[in-house]
Amino acid sequence: QPAMAAGNIKIAAVFETPIEEPWVNQIHVALLKAKKELGVEYTWSESVKAADFARVMREYAEKGYQLIMGDSFGTEKIARRVARDYPKTAFVFGSGIGPAEPNFGVFDNWIQEPTYLSGMIAGKMTKSNKIGVVAAMAIPEINRLSNAFCAGAKEVNKAVKCQFSFIGSFFDPPKAKEAAIAQIESGVDVIYAERFGVIEAAKEKNILAISNMSDQSSLAPDTVITGPVWDMWPTVKYVVGLVKAGVYTAQDFGGFSYMGKGGSYLAPLHKWDSKLPAAVKAMVAKRKQEILDGTFRVDISESAPQ
Amino acid sequence: MEILSQILQVGFFAALLRIATPLIFGTIGELYAERAGVLNLGIEGIMMFSAMAGFSGAYFTHSLWFGVLVAVLAGMLGGLLMAVLCVSLGLSQHVSGIGTTLLFSGLSFFLYRLIFGQPSTIPVIEPFRTVNIPWLAKIPIIGPVLFDQYALVYLAFLIVPVTSWILYHTPWGLNLRTVGENPQAANSAGVSVAATRYQALLIAGMFMGLGGAFLSMAQYNAFTFGVISGRGWISIALVVFGQWSPYKSMAGALLFAFIDALQLRLQASNMIHIPYQVFLMMPFVLTILAMALVSRNARAPAALLRPFRKEER
Amino acid sequence: MTTTAPLLQMRGICKYFGSVRANEEVDLTVTPGEIIGLLGENGAGKTTLMNVLFGVYTADAGQIDIAGTPATIRNAADALHLGVGMVHQHFHLVSHHSVMENLLVGQPGRWGQLDRPYIEQRLQEIRSRFGLEMNLDDQVRDLSIGQQQRLEIIKALLRGARLLILDEPTASLTPQEADGLFDALRAMAAQQMGVIFISHKLHEIRAVTTRVVIMRYGRVTATVVNDDSTTNRQLAELMCEHEIVAPVKASSTPGRELLRLVGICTAGGLRPALQDIDLQVHAGEILGVAGVSGNGQTELADVMSGMLTPLSGQMWLDGQVLRKITPRQVQRQGLGRIPEDRMHTGLITTLPLSSCMVLPRIHEHRFSRFGVLNRKAIRQFTKEQMQAFDVRASGPDVRTGTLSGGNLQKVLLARELAWDPTVLLAAQPTRGLDIAAAQFVHEHLLRLRTEGKAVVLISEDLEELFALSDRIVVMYEGVINGRMPIAEATVQNVGLLMAGITEAA
Amino acid sequence: MRWRLEIRDATPLWLNVLLPLLAILATLILCGGLIVLAGANMFDAYATMFSSALSSKFALTETLVKATPLIFTGLAVTIAFKAKFWNIGAEGQLLTGAMAAAYVGALEALPGWSLIPLMLLAGAAAGAATAIFPAYLKTRYKVDDVVTTLLLNFVILYAMTALLDGVWKDPISGYPDSPDILSAAEFPVFLARTRLHLGVLLAFIGAPLVWFVMKRTTLGFAIEAVGENAHAAAFSGHKTSVVILASAAVSGLLAGLAGVGEVGGLHFQVMATISPGYGYTGIVIAMLARLNPLGVLPAALFFAVIITGADSMSRATGVPVFLADVIQGTALVTMLIGLMFTRYRLRWQRVVHSVQEM
């Protein structure tokens, strides 16, 4: 069991992508907040290639960082192996598999709830009954969101048809934009912008968009209605507390990303507060409450959307 | 049948032209370099660097065309480095190119971080709007395809005939081709091989810069890490595919764009359930196949890859 | 001193390549109407001097005056501007461009466009002044060597050259083509132009020049007025350190047949096609193959050495028919080969000498076992061959390309003769070699003949063919259109056959 | 033309040592400017860089581990380039090698002791096959090899992600990674608590071995002859297409081994991001080594130091990590220029003027 941290703890984050990557950015933002509000030391490495991932993690561990966090798209097992070698250090990584004793805790972007809610909005707002998702690639984290979005839409609008496109990389906005345009031209009129580039297409083609991960309304206030936001703050706050108290154990912190814990929510409507039909707003508010109350559960499907 | 209905859409052709545009810029740029005898493998890095520089220029001045100018200058800077390395110093073109790509892509990200820090929302600009050519754009079907595009798209399709004219009808173009075929011959005809190659690489850099600018300022409105995503490498392939001819290279770019635009639509239409990676690799596979078919008659500029040192034999 | 200002005055020219002193304090004067012959052994510095004059090289010291005024020549453009034109030892033409394009390179355009009418008009002038003609739309790669030569000269004249440099222009011309060239040169001289003419062929120097400048080891060692008072022998002695003795051809009677070609045909296309070639060569015999360059001799040599697969026909070596005609096969059957292009076909100039020496035989037990090289044996062998053939190079590890042309040819001879071939195919074996080196090659060919081997000698130098061959065949447009024993051969009848005129006609 | 490059008759030994050092110094100064621009202290930064790559057992072994795939791809490119087979595809060959190794390494049906040798074999064979294809297109159909090898990298990458995304997906994590190889297939490690694995050893044995093949065998002889002048080699009876195919095979084999090493020694699985461009860096390494297999070792080590060191340095000083790429690029450029002066010298050329004492 990791030892009690003396006073100020040191946190390091290792990210496989540049910090701009939407998921990574949410983790980063929360850690920055921890630095400011909890007074922890925080450093990070961005763009750490899979080939270097273990080395960088080890370096931090060797240097005595008490908590090492990070994403792990393809570095899941690498991270686990490193953690095994440094049992006194707390590791908390995004992961689809469970935690590993003694020190490897996991979290995940369980934001399918707000995604479902935004799907409901999309289902109501579409006129063509065709909605689309442009995503990076078909991995569980993304499938989960794509499926929840589509399920939300279908619940409120049986006639809705969903289209999915993958661009094959996490960063290629011009391609994402083209993929979105291709969908729009085939009739899609509300689109879920899993990646950068999609909102711009929606804006240009005058259709509606649902943002992802953070509040992106500022990119196109008239286009972006709302979208799921992932807030890592509850997770980070809790984990830091554990480490500080010296009571850290390997756990699944995924729950802290649920709406109930404030780990995810629907982005503010901004301009759309006045534009969204009251009926839709009411419907979403009702469903949101049911989720918070635990009377409604959003199904989780991680298979590739069809 | 359904595929046909996907293709026969105004939007499809418009997308085709848009996707082809950065490839045409890259390809024509590369063409100048290769016709002068220099393989510019620095293209990927140069396009990246100019995408970044152009975006930054536009971001701070709020002038898109100023941004384009910056991108062009940045591209020419890359061309200059290539020229110093493999023309003045006569170093291996493969390595000079890979070095240039390494250096310039590293520099793009590095400077981007220095300029913009690590913002939590990426900085964006108001990108180019399509230019609607009055009257012509109203023509059904071809109007919206051909006459409602970004200014840079028009430019891309303009430089193809212009390049062809320059190469085959102007003294400078002839000198350039001669330098690429037989530098000795050019030299003894009073043409400076080094100067011509410098000019070619600078022009190449200029077009690569336009390609980068198009990606970060028209097709997208920000500089992000995957903004080039191998489009430079593809341009190199397209030059060979097009047998070093401007029109054929453009045709190659259009074919590539055709496949890409088509795969995006096929994916979206959920018509066929094959892994999407198959669509993604289609352009590459077809390019290799097509090259296997045409290559027997293709002939690279004879002096390609050969440094020219005046007093050496 | 002449009263008119000399066209060219070079004074104290020095040019060094690292430690090689290619030109040392060279003076050279050309007055209008003069044709200067520049004579010297391989590596004497002739080409270097001309390259300095033409701006290809920058001299380390010295001064150049053109038409009486000091000139700064930094590059070819400067030289062209000053009225100096040069036809290089190796042509500087773009083979995949048209004649027109080759003429237009480096020319200013009109209205930003290529100026074709100007070229046409200038070509007209050149035709009427010097009798040189050219079809503008031909592709250079389709031209014969003679035509390419002409194109190079026209290129220089087109720029208004008043001083024309020709570096070994006749190395691969037929006598008729050479005569045509000389007429043009005389026409130029008559119009007060100056010509510098470099050649290793004394009879040409004698035929066309007014004055002969002799270079040795980078210096001008003598200047001789070319009139009846000088003899070839004198010139040769001025040029070389050792005496030149023409080899004697002993009498020999042909023995059994060693090489036989039957019905060889090749595909056409860019190269001339061979049609139905039949040949026999016997032990103790040298068969000469004559022909204007580009009439299939190169293809014949390529077929025999296995580089060009014939469409049909058979080849016998020493009584055995070859199943497949490949380089490996013909070597194995005892054919030695001196290729036409020693720099690009025979040797690999960037490799060490020792590698070139064993290139075809590396798999032999002597040089490698189980795929591992025996480097000691290779070097030892190379040293022995260098000694035997008097190859002048610092050692077996020297980069092959740094050897002079003559020495390169010796390396090839050494390599091919080391295996005691029964037949030697020698294509243009003395092209570009100076008298001494050519003599050396001739001696070896004749030695093979006396040893009872067979030699196929392909050459464009009729003098050489007449001196060495026992029989001559003439090639024209891919067919053998004449055969005769050497006793019946004359420059006249062979020349006619080379031009495609058969006796029957 | 005032300054001109003149070929040297011979290169003094001290130049061969001094010039690379000067090149490194120039790189550090040039990039130092960028470090200062990023608001860090240049000297601190460099101190961190070298100490974090060289100063501890951990750092040193990590640098060696990092050098390993670079040595393999560097050697791969060396052999191919010697034959003038412009193999830009070491990246793809590495990937197929890695895939083959990961596949074989996870086969439960095989006896444990046979796993590692079979992985090496399979990876080498896969790499070789991947390289032979474009070489065949080149020799048979004259298809430009730069382009085919380059494009094949993309094709292989997409094919690999398709596999990882589909049939080969790790059933446990659900990520597009392959399942782990069996523990019997994991490469032995030579030093406890480090990652100094079998592949590192193989790489360091590989370099002299390749040197031997290139310099002391008929295959190396033929490869060099064909590369320098294919026409002349053919004239002397060498089968040029066979030689090119052979060099491609050996080249691909080595690149494949790079992939095997990464799978067997480091990641124990394949993921789409397994290579951060080792195949491309291999080109740089090979050229820095001037296509000398022994030179590949110092070149790869130098790059490994820069990659690991610059990476740590940027983390320690807050300089953007992308500086590592910039340093690599700059180092390549300065090193090339430096090495050029081992063969050439710069000479001041007087333009011909009057000779006074005429």
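To keep things simple, chains are lettered A, B, C and D as they appear, and every chain counts its residues starting from 1.
Methods note: a contact is a pair of C-beta atoms (placed from the backbone, for glycine too) under 8 Å apart; a residue touches a chain by one contact, two chains touch by 3 or more.
Keep in mind it's a predicted model, so treat the numbers as computed, not measured.
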{"item": "Most remote chain, CA-based centroid, reference being chain A", "value": "C"}
{"item": "Chain pair with the most C-beta contacts", "value": "B-D"}
{"item": "Whole-Å separation of chain centres (CA-atom averages), chain A against chain C", "value": "76"}
{"item": "Length of the line joining the C-alpha centres of chain B and chain C, rounded to whole Å", "value": "45"}
{"item": "Chain centre separation (chain B, chain D; CA means) in Å", "value": "27"}
{"item": "Residues within chain B bordering two or more other chains", "value": "109, 277, 280, 310-311"}
{"item": "Junction residues of chain C, two or more chains touched", "value": "17, 58, 75"}
{"item": "Chain A residues counted as touching two or more neighbouring chains", "value": "46-47, 137-138, 168"}
{"item": "Pairs of chains found to touch, sorted by chain label", "value": "A-B, A-D, B-C, B-D, C-D"}
{"item": "Touch list for chain A against partner chain D, complex", "value": "16, 43, 45-52, 54-56, 58-59, 62, 73-78, 81, 85, 95-97, 137-140, 168, 302, 304"}
{"item": "Residue ranges of chain C touching chain D (in the complex, touch as defined)", "value": "11-13, 17-19, 58-64, 70, 72-75, 305-307, 326-328, 331, 337, 339, 344-351, 355, 359-360, 362-363, 368, 371-373, 375"}
{"item": "Interface residues, chain A side, partner chain B - complex", "value": "17-20, 25, 28-29, 46-47, 132, 137-138, 163-166, 168-175, 177-179, 181-186, 188, 196-197, 200, 214, 216, 218-219, 306"}
{"item": "Footprint of chain A on chain B - complex, ascending", "value": "6, 9, 11-12, 15, 18-19, 22, 109, 118, 120-122, 124, 127, 215, 219-222, 224-227, 229, 260-261, 264-265, 267-270, 273, 276-277, 280"}
{"item": "Contact set on chain B toward chain D in their complex", "value": "39, 81, 85, 89-92, 94-96, 98-110, 113-114, 230, 233-234, 236-237, 240-241, 275, 277-278, 280-281, 284-285, 287-288, 291-292, 295-296, 298, 300, 309-312"}
